[in-house]
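There are two complexes below, and they share chain A, which is joined by chain B in the first and by chain C in the second.
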Partner chain A sequence: MYFRSISLTQFRNYHTATLDLSPEGNIFFGTNGQGKTNLLEALHCLCVGRSPRGARDTEIIKQGCDFYRLSGVAFRKSGTRLDIELNFQKPNRKSLKINGQSQKAVSEFIGQLSVVSVSPEDIAITSGSPSYRRRYLDIALSQTHRSYLSALQEYQRILDQRNAILKEIQIKPEKRRTLRDQLLVWDQQFAQAGATVIEHRLNAVDFLSKKAHQMHQYVSADTENLQCRYIPAFSTDTTSLADAFYQTLRKQQEKDEVRGYTTLGPHRDDLRITLNGFDLRTYGSQGQLRTACISLRIAEAEWLAAKAQESPIMLLDEVFAELDLSRTHQLMELFQQYGQVFIATAREADFAKCPSSFQTFYIDQGHIKP
Partner chain B sequence: MTPSYVSPSLNHLIEELMSLPGIGRKTAQRLAFYILKMPKERSEALAESIINATTRLQYCSICGNLTEQDPCAICSSEKRTSTIVCVVESPSNVLALEKMGAFRGKYHVLHGVLSPLDGVGPDDLNVETLLKRIPAEKIEEIVLAINPNVEGEATAFYLAKLLKPLGVHVTRIAHGLPAGGDLEYADEVTLTRAFSGRQAL
Partner chain C sequence: MYFRSISLTQFRNYHTATLDLSPEGNIFFGTNGQGKTNLLEALHCLCVGRSPRGARDTEIIKQGCDFYRLSGVAFRKSGTRLDIELNFQKPNRKSLKINGQSQKAVSEFIGQLSVVSVSPEDIAITSGSPSYRRRYLDIALSQTHRSYLSALQEYQRILDQRNAILKEIQIKPEKRRTLRDQLLVWDQQFAQAGATVIEHRLNAVDFLSKKAHQMHQYVSADTENLQCRYIPAFSTDTTSLADAFYQTLRKQQEKDEVRGYTTLGPHRDDLRITLNGFDLRTYGSQGQLRTACISLRIAEAEWLAAKAQESPIMLLDEVFAELDLSRTHQLMELFQQYGQVFIATAREADFAKCPSSFQTFYIDQGHIKP
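What follows is the complex of A and B.
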């Protein structure tokens, strides 16, 4: 899948802008703060219906305006044209149209266009809290398996309901007995949804770990061994995942009651990353943390290329700022093999060796010159 | 903001319409102007129907459905099988199922589903009267027609646990209903199929 053109209206620092794009690669060149990242964000919104880093729609609207609109003309592998239009009107009216047809929910649309966003903030995946690593898995899986997204949303909803009961037990211990019975009403479907989430994650990590390992071997010239492992908080050897989770919920119940929330489950699980056998987060150097992120993102692109209906669009935001030029060119070549690439950079030398089919845009204070 | 030259009574009408669910200012304005253009008899009929409905309707003491006379027409009907009772979340579900016309038993309205987040526990549901109905009406089967979202799932689980020891057959319509879907939006074919494919719990 690739975008032929996109238009932005009152989006971030753009009043109006239209870009005719190259199907292979596009470079947004400009100094910082001119709006390069905003163009990548617009592309991401068009692909999955929301901002990559969880920005709210009201924050995205250009200052002093009360709506934004994004539209794009894209083509599938099969050659089918897709006209995508995303509208947001203050305070909370959002609509998405594909080929003029309104889509019922933005989540319906997820998985039709796949996207990998690579940015300097990715460093949190290797150096930050477990939530960033779960998010990495959630984004990859939500784009390929609708059953994952629905299980994850169900799990989150039941978790909130369950925690509301635990909170009440904490406040009113005298009502513990009846409240415990109520907890049981939720736990079977909670264990079921949680097991589905875990199963998908185990399966994805299996794939991602292999690919990230290969990629890292390549970029580190065979000197580093990158491994990832997803470890559920309970043993899964003997029974089914759902049964094991249900039994664990019973065992941890008293602890949960004291804390007033669910202390264990896929919402707390972590993806453990090691380099040459050592925990990367604890022992990795700054450079190793960064390169490992890139390896993980390329593994994500491999995952989408293998599992999604369409090849992913690659959004690279200042990814190469800390790398030398030869490494930069090596990585750019790598990223290009998945699908249409978008590169935001402030370094002209970065794209000196780009193929002639690439289109360069000069970005200056919300104005775009080809 | 409403401009100051709008008359107070027009403004009042718009504000009242806006308090209805799913109606924003623009729609409220359109409706208000539409009502004002209607012949006087029709606008009076509209106002009267609202007053009538709100003053005459009450909850049926047996099934909890909205009715003008207590017990309601379905509960007092000789033609409906009383051994099978369909449990639903709200009176609007009864309306949807009656429109389908394939169910010939009686109903029981819970007036909600379990949702600790909203402070709704088992005591807030209309369950006590259902327990009394089972021996009194010699109920043999209870069909749970509750929306298939997580709250509906938990409520069905709770009711099945509660009802099965009483010797009734508890079933659930599920097949054909879209996951996370809503009874009210399911079409008649889907609902009919859902009824014939109900499963034991």
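What follows is the complex of A and C.
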């Protein structure tokens, strides 16, 4: 999949802008704060209907305006053309058209156009709390498995219910008996939804870990061994995931009652990452944490490519900033093996030797110069 | 203040290493994961007795060893020589000697040798949750005002007590009356300690905001206006801070009882940062967020210099990574105006034109080559 062109209207710091794009690679040059990342964000919004960083639509509109519009012409590997138009009007009217046809819900669109964003904030995946690693898995899986997204939403819905009941037990111990009966009713469904989420994640990590390992090995010139493991909070050897989850829930119920919330399940699981056998988060250097993030993102791209039968577009924002020249060189080689690539950078010198098929753009205060 | 030399024994990936340092500037070159950041961490530990990132001492020891030792020879501006030795032996024996004399508590040492670390993780100050901004203020103030550190610890101690009582009210509503009486006993002291913390913070922000504004203006070549404001959760116009805090606490008590914790106070306050009038966290680009962090760190260095009558040492870890050439150039100029500077970078090319008084070191797998 690749974009042939995109247009922005009143999006972030752009009044209007239209770009004709190279199907292979596009580089956005510019000093800090000119709007390079905003272009990548626009592409991301066109692919999945919302900002990659969870920005609200009202924050995305250019200051002083009351709507934004994004449009793009994309082509699938098969040659099929897609005309995409995303509109947002204050306070909260959002619409998406594909080939002129209004889409019922923006969320329905997720997974049709796959995208991987590699950004400076990614460092949280390897150095931050488990929530960032869960989010990494959730996004990859949501783009490829609609059943995953449903299970995750169902799980979250029951989790909220379950936590509300636990909270009530804590506050009104006199009602404990009735409330415990309510928990019993929910827990079977809860364990089922949770098991589906975990099963998907185990499969994904199996794939992602292998790929990330390969990528990291390549980028680090064979000096570093990256391993990832997803470990559910209960043993899954002897019984089904749902049964094991249900049994453990029952066992830990008193603990949950004391705490007033659900203390185990996929909403608390972690993806453990090691480098050369040591915990990456504790012992990794900044460059190693960064390299591992990028390896995980490339693995995500491979995952999407394997599921959708075509490469996602890749949005690379200041990817090479903290890396040494050897890693930068290896990565640049790698990225060229994928589909359409977009690179935003404040450092022109790093891309002096980019392929001739790449298009370059100079960004200056929301204006694009060829 | 500057270091003339440092020695590391079984620290991180170093077996043993000794460096003779330039009083002006020292650059650690090396590819990713070789140990550049570990050298900066060693210097930080020697200044304040513990790791800048909150790493545990057992994590800092070289793999397979059971102690680490750091020593350094430093000179004050006045010419006074300081021989510092920090030892840690598993499982938890830590000692610090200054000029051969054992120091009672490592925490007593804080503030004697001031240091400012500028690191990639700093991005959390401008883009992360309020806790990172509070931490930025707390560290600057703890290094300069012992009374601040005491007030903060006292405040935290009472906060924990207060929260325990609120939690108990939530769980045992039948004991509400007695517990409320207990709260009354604590709240006067709580408001007093909180007010001391806030007062210090307001003073510091007054200074830091002005300096950070100047620095940011310089680095951005006069194009960006950075402003910081600390806003307590209650109006302080008509009465003393402690009274205002106490009154607001009393008013919000029911809310606190429902939530089961203290919902206002300096432990929840934020430092609001704007760029050209807009919220930096929401609207700033990566380069702007990064520049603002660095401006805040330089302001912190100015704060320490003003209090201690001499410049702190500055540890700069991959500071320029995401910045354009103009900002990089301006920053390099700025840093040279301060005391001793340490720079770690994977990009030798960026420092091709460093001053001749700077010492350079090449770091390769825990070995230091001249």
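By definition in this document, the second predicted complex is superposed on the first by the 363 of 370 C-alpha atoms of A that agree within 3 Å, B and C clash if a C-alpha of one lies under 4 Å from a C-alpha of the other, contacts with A are read in each partner's own complex, and residues count from 1 in each chain.
Please note the rule applied: a residue touches a chain if its C-beta (ideal position, glycine included) is under 8 Å from a C-beta of that chain, and two chains touch if they have at least 3 such contacts.
Keep in mind it's a predicted model, so treat the numbers as computed, not measured.
If you count the residues of chain A touched by chain B and by chain C, you find the higher number for C. By the touch criterion defined above, A:150 lies against chain B but remains apart from chain C after alignment on the C-alpha atoms of chain A. By the document's definition of touching, neither partner reaches A:307: not chain B, not chain C. In the superposition on chain A, A:324 contacts chain C only, with no contact to chain B.
After overlaying the two complexes on the shared chain, residue contacts for A:186 are found with chain B alone; chain C is out of touch. Legend: residue contacts after superposition of the two complexes on their common chain; A:168 is shown touching chain B, with no touch to chain C. By the touch criterion defined above, A:210 lies against neither chain B nor chain C after alignment on the C-alpha atoms of chain A. After overlaying the two complexes on the shared chain, residue contacts for A:272 are found with neither chain B nor chain C. In the superposition on chain A, A:158 makes contact with chain B only, not with chain C. The touching residues of chain A, when paired with chain B in their complex, are 150, 154, 157-158, 160-162, 164-165, 168, 182, 185-186, 188-189.
Chain B contributes residues 114-117, 121-122, 150-151, 153-154, 157-158, 161, 179-180 to its touches with chain A in the complex. Interface residues of chain C facing chain A in the complex, by the touch rule stated above, are 30-38, 55, 59, 63, 119-121, 123, 127, 170-171, 173, 220, 223-224, 278, 282-288, 290-291, 317-318, 321-327, 346-347, 349.
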